[in-house]
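Labels run A, B, C and D following the written order; every chain starts at residue 1.
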Amino acid sequence: MHRIPVGIFGASGYAGRELCALVNAHPQLRLEYATANAQRGETTVLGGQEVTFVATEDAPVNQAELVFSALPHGASAAWVAVARGEGLRAIDLSSDLRPGHTTEDVPYGLTEVARERLRDAPVIANPGCYPTAILLSLVPLLARGLVKAGSTIVLDAASGVTGAGNSPKAELMFAEVSENYRAYAVGNEHRHLPEMRFLVGSYGTDADLLFTPHLLPVARGILATVTVQLSQEIDNPLQLWHEHFAGERFIEISEKLPTLRDVVHRNAVRISVRKAHGLRAPTLIVLSAIDNLVKGAAGQAVQNANVCLGLPEAMGLPL
Amino acid sequence: MHRIPVGIFGASGYAGRELCALVNAHPQLRLEYATANAQRGETTVLGGQEVTFVATEDAPVNQAELVFSALPHGASAAWVAVARGEGLRAIDLSSDLRPGHTTEDVPYGLTEVARERLRDAPVIANPGCYPTAILLSLVPLLARGLVKAGSTIVLDAASGVTGAGNSPKAELMFAEVSENYRAYAVGNEHRHLPEMRFLVGSYGTDADLLFTPHLLPVARGILATVTVQLSQEIDNPLQLWHEHFAGERFIEISEKLPTLRDVVHRNAVRISVRKAHGLRAPTLIVLSAIDNLVKGAAGQAVQNANVCLGLPEAMGLPL
Amino acid sequence: MHRIPVGIFGASGYAGRELCALVNAHPQLRLEYATANAQRGETTVLGGQEVTFVATEDAPVNQAELVFSALPHGASAAWVAVARGEGLRAIDLSSDLRPGHTTEDVPYGLTEVARERLRDAPVIANPGCYPTAILLSLVPLLARGLVKAGSTIVLDAASGVTGAGNSPKAELMFAEVSENYRAYAVGNEHRHLPEMRFLVGSYGTDADLLFTPHLLPVARGILATVTVQLSQEIDNPLQLWHEHFAGERFIEISEKLPTLRDVVHRNAVRISVRKAHGLRAPTLIVLSAIDNLVKGAAGQAVQNANVCLGLPEAMGLPL
Amino acid sequence: MHRIPVGIFGASGYAGRELCALVNAHPQLRLEYATANAQRGETTVLGGQEVTFVATEDAPVNQAELVFSALPHGASAAWVAVARGEGLRAIDLSSDLRPGHTTEDVPYGLTEVARERLRDAPVIANPGCYPTAILLSLVPLLARGLVKAGSTIVLDAASGVTGAGNSPKAELMFAEVSENYRAYAVGNEHRHLPEMRFLVGSYGTDADLLFTPHLLPVARGILATVTVQLSQEIDNPLQLWHEHFAGERFIEISEKLPTLRDVVHRNAVRISVRKAHGLRAPTLIVLSAIDNLVKGAAGQAVQNANVCLGLPEAMGLPL
């Protein structure tokens, strides 16, 4: 059976390795090359098959039909352009082509929101991990115009350390992270804010966003705690999410509050919602959990590849 | 040298054991009895000295001059009343005597705020762990009337598992907590909310509180992330905290964001603050870290005992 | 397509839940019932399908063709007997039917060693988790008579907390286990020793075993460190394991030392070996890692079910 | 009051920082300088006081009376020689001056064993962390000639990650260490072996040593599991350790098996012992726990400084 040949740029980071594993386990994709400059020549087993990294400049780019780029921010766009010049489709996991980071009009691949724009798209900007968890928790409210005008949506979220990559850094050593917890990029300083502002704004709301990320002593997973003031009371908020995401296989709405263990190693978002008691302003707290490396990166990238290649959307994705 | 005899009710939990250790290491206090019904007869070393638990009903209550009660909520108030009937001072670590839980007018022992009311007080309600971290981060704004009228203060906080006590529960087992993270009591359902509302309200603000606690895979420590809208812009917010808490030995204000490792095993609150960029409403994010068992429980209780007994406030407390 | 109906006794523990998940994901098995007395009536999702526990006494035992029992030691044998009385095949994950615990001659299901005896077997005693890791690391030496006569084989091993079950116990709480490590059952007191003595002895060696287990602050995984004196020098010891286990899909021999992360969530044993330098007695250190819930329990049980039912041995097993 | 001025070479690693904290908290020592080439100019709070690192070549070496060197192996001996040339006493925490690494006759500072040789010693080789835990567990047997002639003592031990230093390395990142466990330096390859062989041999036994270290997912602590064959049966082995170490303040002998949590942040060794049942050769398993940074490094160094300076041995040490 013919499998579609796929390349991966920047395959040695956590997201890149997860991509290698997913592509190797995918019934219709075949890993043609995986690049990693510092690890060129190294062989490792990912998804049950051996992968040998090559330097990006040595990759046989045009032997693939689609390329995933998990290169670092700043380095990715140029290689995506090379691939597109060779006629490949490209899915960019860096922030280079996301809204707010480029003037180019590239579809923003939050799959459940943008699905129709992604079919046959030559290039897709894969969302950041935090935005994936946060935006999917907000879209049902945004689509109905239920966010209070002029309000600030408070986005507190916490991520496992793989979100920070696998380059050795002092602040990511076990002895610094274990039994510890801290916020970072406080005051709206995080790179993921522009794409969230863009998507929220695209629904016509004028609400502001305030995003405070935190570093958890876990390897994988993001939990977002989203506090949002409403334009009106909602009787049964959970029902709203159920209706909006009816039929979505990767979005799990539940009365039970989500935990990281519910979603790690799966291409799933799990969402729950509670009304805030005792406030004058009608307010919801939406909780949303994902695996930052799967639905927050490599899983959603493969989901987007499936959509743009016309394959079944769930093909090769762990549920 | 004479040491003041002290009793501890409910000494076998995490806060109770920390109290035993602090009292045993305190140069002016002497542990007269430590009660624990289920562990009666057991001997353990705490603070370098052996402690043998007795049943609460068997304790020689009146041989102490002051009693700490770390009994469970609901069971504590009655034993505090017994101790007071015998002429002892009492410091209650349960919520029974805190604002919102009783009609009795008991001083609320957030030491740095209530110090003068605590001198010679016959009974003190020791604050909850979350309120200690959260309220100390807000007081400088509240005292100057800088919180925006009608706004909601968003209180997201995360605690280590010792905050949930040491009774075996399925959801606190290592295999459930490690590599996991979740919110709980979402929607303003937490027992610590009334005391926070009371203290915030006592400053004359009408702001609402929305409190969302989370469970961290760490043993000790609380980090609070407090988002607060201001009635006016503040040029140098950190300066406000420096000024308000000038001379306070247990409050550490820093430009660097606080982490749990900065404060564990110490009777300290570490606070930092950032302005939110890109919002129309002037907004601050205040970060505050404590050890839930020290400044959030046993340490603050000893600090309060020092104040009410006329001892140096920092005596016997780890810094 | 016909699937073979399967029952699970004692399905609510860690091994039982792993069994439910594996059976639900198995292409030729169908979960007919799953029993759990304390959790009767509860529904949970395992292996992508909902499972509702029933009381063991209410289970439609004879509607299955094969039953796995993950009931506690002491309670399991009687229910296995009930199932056999109804004509079912049975695989017992408890120690009740293992060598040294019964006088009955039940095949001991260390698959790679006993495969031929397991085909069509009416009942199989599934090995303990520690013995699985330890025995597979020793068999190549035992089979060649290379263990020094009269020596003591030192078996130090460390396990994650799921090996101790999911009943809430004080010593398994997160706050006790994290940042901690300890030995237990020291001095040859562990329940898994008889089956190891039996299997080692069956190869005709008179070597003694000394087994010291330890509790690791991880959820899953066992690493065994086996020190064994040889009857003669071996030039290339790794080659011995390669040869002995040639063609075995679930046994991975590598020069690189095994880690828990190499094997968790997989039905694999990973083994490496080193010569001890500077000793007069020729001595090897064999390192062996498994997931205690997969190859050490539920995975090997399904592997054994595949063998005894005549299915492909690797069917439905995660690699 | 006069305090003895002390310098620290290599003060920015984990052991160096622990030394700074201990010296700053010591009632009779004063930190005169602390060197760290890469961190020169950085200021940090250690032991409640600010420490500003200087380059080692810029340190006012002769303004101290004693220097601790926590420089890396290979770099330390030369700076210790410089300090001795200036007339300072020196305590070297590296392996450079330990038995087996130098031909110089430097006292090996396992305090409880070598105390008399350390008084007024101009230079002391501070033991490695593993040897401290292991040797103290063996000395009572060695001193009585109870180790079986010609036997191999099996030394399995596990350490927290701070034992590997605080330079960023891929294999010490949180995402690699958490939920993981592995052996390393297997086959008697560890740098700590020569000093253990030396000390064991100094008691006249001809027993061989086989040392297998492991890496634990904890920040601090070592547990050693020592299996030793005896020349004769011992009725009450624990009594032997009690007698041998009678009066030692930092050695805790207990029936209860030691855990890391028993000893972290304390200058203590906790030891227990069990007889092995069911073996022909009389065999003991000795368990021994320390904090690798305290009794295994900085704490024992200060203990040695106290001895060599004629101060009370326990001064300034956390118990």
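The rule is short, and it goes like this: a contact is a pair of C-beta atoms (placed from the backbone, for glycine too) under 8 Å apart; a residue touches a chain by one contact, two chains touch by 3 or more.
These numbers were taken from a predicted model, which means no experiment stands behind them.
Undergrad: What are the chains that subunit C and subunit D both touch?
TA: A, B
Undergrad: Based on CA centres, what chain would you say lies at the far end from subunit A?
TA: So the farthest one, by centre of C-alpha atoms, is D.
Undergrad: How many angstrom lie between the centres of subunit A and subunit D, each centre taken as the mean Cα position?
TA: Measuring from centre to centre gives 47 Å for this pair.
Undergrad: Based only on mean CA positions, could you tell me how far subunit B sits from subunit D in angstrom?
TA: Those two chain centres are 37 Å apart.
Undergrad: Centroid of subunit A to centroid of subunit B, CA atoms only: how many Å?
TA: Centre separation, subunit A to subunit B: 38 Å.
Undergrad: Please output the residue numbers of subunit B that touch at least 2 other chains, ranges allowed.
TA: As it turns out, subunit B has residues touching two or more other chains at 160, 176, 178-179, 217-220.
Undergrad: Where on subunit A does subunit C make contact in their complex?
TA: 48, 178-179, 265, 319
Undergrad: Touching residues of subunit B toward subunit C in the complex: what are they?
TA: Touching subunit C from subunit B are residues 14, 160-162, 166, 168-170, 172-179, 217-220.
Undergrad: Considering only the defined contacts, which subunit C positions touch subunit D in the complex?
TA: So the residues of subunit C touching subunit D come out as 150, 152, 154, 156, 158, 160, 176, 178-184, 186-189, 193, 208, 210, 212, 214, 216-221, 223, 225, 227, 229, 257-261, 264, 274-281, 283, 285, 287.
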